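As written, the chain order gives the labels A, B, C, D and E, with residue 1 at the start of each chain.
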C-alpha cells in the first residue's frame, strides 16, 4: 500500500507554492519564474511517481488511499463528518499524470509572462491544486470543493492576461470570454451541487465518502432523475453541445498556459466527473441516459469539427477541435462498455497532451506575430521549422494518425461505439476525416507554400517552449506506440465500474 | 345600553373620527389636532379597560408632549399650506389594501375565540403592583428603554444641531 | 369602575383597534408630509396599545403584561417622534421640503 | 534469416528514421548512408527470407499458408486484445521483394538526385519511415497493423509530396493527396471495425475463415467489403479517388517512383488481394472491383493522352496500370494481378527515374519544352524507352507478359475484354507520345537543351539495373527460369501465390494485343514524329473531347466546387449558427434574461417612501389572505 | 411573585460595561479635546475588546434574568459576535469619521449602544424585551445612517429608514399583540406551551400575528417585500455604517428570529414554515437579480445582502438544530467576509473618494493588498471554495436540503450562481480595467492593512478550518432545541 501523502503533496505543493509566492516581492520576476518552473517540475515528478507506483491487479480499487478527518461529529453531518479522503484508481492515475505533464509544460511556457507574473503564478497554482484535488478526491464534498477551486482563478487569468479577438463582423473581448467561461462553468456546477445534495439526502448515511456511497443502491427512479444533473453539470465542463461555446471563446482569450491547462486538463474534469459521480454512483441512471449522451457526443464531434473548418483564427480552430475531440470522450463514456470507456479515458489523456501542445504552439506564434489569422501566414516552415514540426505532430495526432496517442484512444472509442451504436460510430470516424480536412488545410495554408515577407522577424521556438513541447510530444508518441502502461491501469479500473460490460 | 357601553361607543367614535381626521385632513395642523382628539379618545378606552395609569400617561406624554412636538415640527417645516400636496397618488390602492387589511383584521378578531375571554374579569391594576413589576420583573426592558430615550436624545441633538462654521473647515 | 367585560365584548375593542390600525396604514401610504406620516404611525401604535391593554384586561389580568407593554409603546413612540423630527428637520434644512415624494434621489 | 524474423524488417528503417530525425543534423552527410545502409540490409534480409520461404514451400507443398508471429500490444482484459504481428506468405514475399528492391534503387538514385537539397536529411528520414511503414503494411497479419501502416505510408506520402514546401502547389497537392486517401480510409477503418464486431478478431486469416464459415451476416459483410474497397480505391487512386495521384507529382521524382508508382499505390491492390475471399463471398463483390478497374483504366488512358507534363503522363499511366490490376482481381485472377504488380514496379519506377533524370538535367518537365534529348542523354533515353515500351506492352518486355496474363483472365467476360483491349493502343499511343516528344524531334528550348547532360552514376546505375529487370522480369512467370536461378519451388510459384503452373499463355491474345500495341505505337509515331501537324488537326476536330480529357473530366473542378461551395458553406453556416444561435442567443440569452428580469424588478425601488410602505402592506395583506385561504 | 424571580443583575455586567463605555466616550469627547478626533475609535475598540473578553466568562453557563432574557451560550456567541463586529467597524471608521463626519464622540457612543440592543435581541426570551432591544438598535442606526447630515443621500436614507422603521415596528407591535392575545403571554416558553395544544379556536388571529411579526422582523433583516429601505439606506449611510447595517443589524434580526421561532413558534411550525420559505425564495431571487443592475458598490452590496438574507431565511424556514447551527456558521462567515469587503471599500473611498463600481478601476495597481482582499471577499460572498462563503453556504444549503427543502436549495444555488456575475463585474474593474488617473501606489494606513489582512485570514480560516467555528455554532444553538 503506497502512501497517500503523495496525493496530498500534489495538492499541497501548488497551494503552498501559491502562498509562498505571496511573500516574494513582485519585482523579482526571474526568481518567481524559476521557482514556478521548479514547482511545475516537482509536480511532474510527483505525478510520474504516482502513475508508476500505482500497482496493477491489486484487490483494492483505490490506491494511495488515505483519510484525514476534516470535520468530525457535527450535528448536520452526524458522526461521519467530512473527511479529506484521497485515493486514485487507474483512471485517476492517468489523469494525475496528465495534470503533471501539462502543468510542467504550462509553467515552462508561462516563463514568458512578464506582466504581474507573481499574481499569475499564484492563480495558476491555485488552479492546479484544484485540478489535482479533483482527480485525487474520493469525497463528494472535497470533490466539489476542488472542482470549484479549479474554475475560480480562471476569470482573472483570462481577463487579466488574456487577449481579445476582433473579427470583421464581431469581437470577442477577453472580459466577455472570461465571464462567459466562468459563468457557464459555475452555472453547470450548480447542477452538480444540487445532485450532490440529492445524493446525500437520499443515501441518508450522513457521509460524503464516495466509496461508501458507491455501496448504496439508489432507487432506480432517483437515479434516473439525478443522473442528468451530473451528466449535464460535468458535461458542460467537458464541452458538451450545446453548452460548449464557452470553450472556444474562453480558450482563445486565455493566455497560453491557461489554455493548455484548461483545454488540456480542466475539460477532463468534466468527463472524470461523469465517471466518478455519474457512472460509478448512479449506474442505472447512467444506463438510462447514455443514449442521449452518445448522441450529444456525436453531435459534438461533427459539429465541433465542422465549426473548426470554418474558423479563420488559429486558436479558434484549435478551440473548436477541442470541442470535437471531447465529443469522442463523451461518446466513449456513453458506450458503457469497457473498450469504449477505456478509449474515452485514453482520449482524455491523449487530447490533454495534444491540445496543450497545440495551444502552446499557437501561443508561441501569437506572442511574436500578434495575430492569429490563418490567412495572414504562409511558409512559416522556413523561419520556424521546429514550431511547424511540433504543431504538425499535434495536428497529426489530433486527426487520429496511428503512432500518436490520438489513434489508440479513438480506435478504442470506435470499437466501443461500434459495439453499441454502429451508425454513430461511423459518424465518429467521419468526424476524424473532417478533422484531417481542417488540420491539413491549416497546415497547407499557414506552414507551407511561399514565405510571407511580413514574418521575416519571426523566431523559432524558444528554449522553454522547445522543452515544454518536447515533453508533451514524448507522451503523445509514447502512448501512441506503447499504450500498455496506460491501458493496463485504466482498463483495470474501468472494469470495476458497475454496469460496464 | 349601559353607561360603559355608551361611553365606549362615544369614545370609539371619537377615536375613529380623530383617526379619519389625521389621515384625511386637508391641513397638517388640523391633522395634528385630530390626532390629539384620537389620542385622548384612546385614553378613554384605557380607562374603560381599567388602566388609569396608562390613560394618564397617554394624555400627558402623547396628547401633550408628542403632539406639541409634532406641531412644532409642522411649523418648522412650513408645509401646511399646500392642501393638494397632502395626499399621494397611490391613495386608491392604499385605500384598497388598507380596507382589505382592516377587513381581514376585523374578521379575524371578531371570529376568533380568544382564550380567557369568558372568564375575563377586568380588575383594576393597582399602581404599586404596576410599579413594582416595572422595576423588578421588567427591569431590563425598563433600562433598555432608558437607553432608547438616551439615544433618541443624543441623536436628535446631533442631527438637529447647527454646527459652528469653523468646524466645516476641518 | 364597573367591570365592563359583561357590557362590552372584547371584540369591540379589537375592532376599534383594527379600524385605527388600518386608518394609520392608510395614512402612512397616502400622506406626503413626513410629519403626517409620523402621525399616522402613532395611530397604528395606539391601535397596538389598545390591543395589548384589552388582552391584558380580558385574558390575563393578573399578569398585566399587556399594560406594561403599552407603557413601553408609549415611551418608544415618544422617543421615536423626537428622533424622527430631528431627521425631518435636517432634511428640510438641506432639501427645503418635508414631502417624502420629493425625496427620491436614491432609487432603482 | 527465418520467416518468423520478418518483424525485424520494418524496424531497421524505422530505427534509421529515428536516428535521422533526432541526430540528423549532426551526422556526416546528414545520415544518408544510414538510410541507404538500412534499406540495403533489408533487401538482403528479404532475399534470405524469400529463400527460407521457398524452402518451406517446397517442403510443405501447396497447403503451406505461410508463417506468422505476433505480440500483444494492448489489452482490455476479457474485452479486447490487440496484437501486432507479421505474416509471411507468397504475396508478402512478392511485395517485400518489390518494396525493398525499388526502395534501394530509389535511395541510391536519390543520392544523386537530391544532392544539395535544403532538407536532404529530412528527405532520407521520411523515405526510411516510408519504407518501414510499407514493409509493415505488407507484413501485417492483422487489420490493425495494416491500418496503422496504411496511415503511416499516407503521412510519408504527404510529407514527401510536400517536400518542396515553399511551393504553394506542393503544399496543396500534399493536402489533397492526404485528404482524398483519408476519405477512403474512413471506409477502411469502418470496415475493419465492422469485421471485428462480427468476428471478434483483427487477424486477416481468422476474419476470412470466420466469414467463410458464415459467421458474418450478409449485410455486414457486404457493407464491410464495400467500405474496405473504398480504402483500397483511395490508396490505389481508383476512380473517382484518382485525382490526387497526378497532383502528387509535385513531390521529388524519386518519391514519385517509389511511392506513387511502385509501392504505396499498389497497397490497395495488395489489400484486395489479401481479402479477395471476402469479396468473393459477397454477391457483386468481384464485379464491383472489375467495374471500377475498367473505368479507371479507360479514363486514365484518355487523360494520359493529352497531358503535357512528363510526370503527369506517367502518373496517368500508373493509374491505368492500377486499374488493370483491379480488373484482374475483379475476374478472380490475383496471380495475374500480382505478376503485373511485380513487373509494373520495375518499369514504372524506371519510367519515373528516367523522367527524373530528364528533369534533373533540364529543369523542365513539360514535354512541350523538351525534345531531342537522346543525343545528350543516351542512357536515360534507352532505359526510358525500355520502360515506356514495357508499359505499352511490347512483347518480351516485362509488361507484355503481365498484361497478357490479365487479358487472358478476361476472356470469359467479353465486354470487359473488349474495353481492356481498347485501352491497349491508347496506352501505347501516349507512351509513344511522351517518349517521342521528350527524346526525339527538335529541342523546343535550346537553352535548357544545351545544359542537359547525363547525371552521376548514382542516377544512371539504378536506371540501368531497372531497365535490365524490365527486360527480363517477365520471364519469372516461367517455372524454368526460377529453377534455373536456384529457387527450388520456382519464382513463378511465389509470384502466383504458391499455385504452381498458374501461368496461362494464349497465343491469340498475345498476338492480338501485340498488334494493337504496335498499332498504337505507330499511331503515336505518326502523330508526333512523322506528321506533327496531325495532333493539331485532331485537336481542332475534337476540341470538346480534348477539353474533357485535358480537364480530367472536370472532376477536380467538381471536387473543388463541392469543397468550396458546399462543404465550406456548410461549415460557415454551422459556425454562424454556433455564434449567433447557440452562443449569442442561447447562452448569452440566459444571461440577458436574468439581467432583464433584474431590470424589470429594480423598478419596484421607486425611491418614494410611500411606495415602499405600500409594498410592505401588500406583502402583509397578501400573505395574510393566502394564509387564511390555506387555513380555510 | 418577585421572590421567585432571578434578578441577578451581574448577568448584565457586559452590557452595563458597554453603557459605561459609551458614557466614557461621550465624556472623553466632551472634556478631553486632544483625544477627540483621533483616539476615540481606539478607545471604543479597546473597550469593546475588553468587554468581549469579559463576556467570555459566561461560556457554558446558563442563567436567566426574570425569564426575560437568558445568558447562555447562544447569548454569549452573539455578545462576542456583535462586540467584535462593532470593534472592527469602530476601527475602520476611524479615518472615515475624521475626514467626513462630525461629532465622533456620539458616533462611537451610538455604535457601542447599538451593540447592547443587538445583544439583547439575541438574548431575550420575551417579546417586550426583544421589541425594545430592537428599537434600541434601530434608533442608533437611524441616527447613524443620517450621520452625514450635510449629505443629501444620507438624509434621504435616514428619513426613509426612520419612517419605514417606525411603520414596520407598528406592524410588528400589532402582530405581537395578536400573539399575546392568543397565547396570553409574551414569554417564548409560555407561548410555546399555549400553542402546543389545540389552536383551532384562534387560528386566524395566530396567523395574522405570525404574518405581522414576520413582516416587522422581515423589515429588520430586509426580507422581500419588506426590504425596500435597504438599498436606499445602504447607499445613503456613511460607508462604515453601511458595513455595520449589513452585519450587526441583519444578524441581530436573525438572532431574534431564530430564538423566537425556535422558542415560541415551533409548535405551529406548519403555519409559518411556508411563509418563511416563500419570503426566502422571493428574497433570494429579487436581491440577486436586481443586484445585476447596480452601479454603486454600496447599492450592489445592499442587494447582494438581500440575496444573502434569502439564504439565511431558508434556515429559519427549515428550522432545526442543524439549520440553526448552519445559520450561525453562515452568518459568521458572511459577516467576516462582508467586513473584509467593506474595510477595503472604505479604505479605497478614503483614498480616492469613489464608491461607484467603475471607480474601482486600477485598484489592483494602486492598492494591491486591498484589491486582493476585496477580491477574496467577493469570491467568498459568491461562495467560492477556499473562502468562507463556500463552506458556510454548503453547510447551510446542505442542512436545508436535509430538512426536505430541496426546491428552496435549488433556488438558492442558482441564485448564488447568479450572484457570481455581479461580483465578477467588480473584480473586473479591480483587476482588468486600467486606472483612469495615475498608476502610482496609494498609501494605505498600516491599521487598515493590518485589519484587512486579519479579516482576510479570517475569511480563509472559516473556509479552510471551519471545524472550530462549527463546534461553537453548534454549542450555541444546542439549547434552542433542547
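Throughout what follows, contacts are C-beta pairs under 8 Å (C-beta built on N, C-alpha and C of every residue); 3 or more make two chains touch, one makes a residue touch a chain.
These numbers come from a predicted model, not from an experiment.
J.: What is the graph distance from chain A to chain B, where chains are linked when they touch?
T.: 2
J.: Quick check on the contact network: minimum steps from chain A to chain C?
T.: Graph distance in the chain contact network comes out at 2.
J.: Looking across all chain pairs, point out the one with the most C-beta pairs in contact.
T.: Going pair by pair, the biggest contact count turns up for B-C.
J.: How many angstrom between the C-alpha centroids of chain E and chain D?
T.: 78
J.: With chain centres taken as the means of their Cα atoms, state the distance from chain A to chain E in Å.
T.: Chain A and chain E have C-alpha centres separated by 42 Å.
J.: So what's the Cα centroid distance for chain C and chain D, whole Å?
T.: That gives a centre separation of 97 Å.
J.: Report the inter-centroid distance (CA atoms only) between chain A and chain D in whole Å.
T.: For chain A versus chain D, the centre distance works out to 37 Å.
J.: Can you list the chain C residues in contact with two or more other chains?
T.: Within chain C, the residues that touch at least two other chains are 14, 21, 24-25, 28-32, 34, 37-38, 49, 54-55, 59-60, 68, 72, 76, 79-80, 83, 87-88, 90, 100-101, 103-108.
J.: Which residues does chain B have that touch at least 2 chains other than itself?
T.: 88, 90, 93-94, 97-98, 101, 104-105, 108-109, 114-116, 138, 141, 145, 148, 151-152, 155, 157, 159
J.: At least two other chains touched by the same residue of chain A: list those residues.
T.: In chain A, 183, 187 touch at least two other chains.
J.: Which pairs of chains touch each other?
T.: A-D, A-E, B-C, B-D, B-E, C-D, C-E, D-E
J.: Applying the document's contact rule, which stretches of chain D touch chain E when the two form their complex?
T.: 591, 594-595, 597-599, 601-602, 604-605, 607, 609, 611-613, 615-616, 618-620, 623-624, 627-628, 630-631
J.: Which part of chain C faces chain E closely enough to touch in the complex?
T.: Result: residues 14, 21, 24, 28, 34, 37-38, 41, 44-45, 47-49, 51-52, 54-55, 59-60, 63, 65-66, 68-69, 72-73, 76, 79-80, 83-84, 87-88, 90-91, 94-95, 100, 103-108 of chain C touch chain E.
J.: If we count contacts the way the header does, which residues on chain C are in touch with chain D in the complex?
T.: Per the touch definition, chain C meets chain D at residues 25, 28-32, 37, 100-101, 103-108.
J.: In the complex formed with chain B, which residues of chain C make contact?
T.: Per the touch definition, chain C meets chain B at residues 1-5, 7-8, 10-16, 18-27, 29-36, 38-40, 42-43, 46, 49-50, 53-62, 64, 67-68, 70-72, 74-83, 85-90, 92, 97-99, 101.
J.: In the complex formed with chain B, which residues of chain E make contact?
T.: Residues in contact with chain B: 1-2, 5, 7, 12, 19, 26, 65-69, 102-103, 106, 109-110, 113, 116-117, 120, 128-129, 132-133, 135-136, 139-140, 142-143, 146-147, 149, 181-184, 194, 201-205, 207-208.
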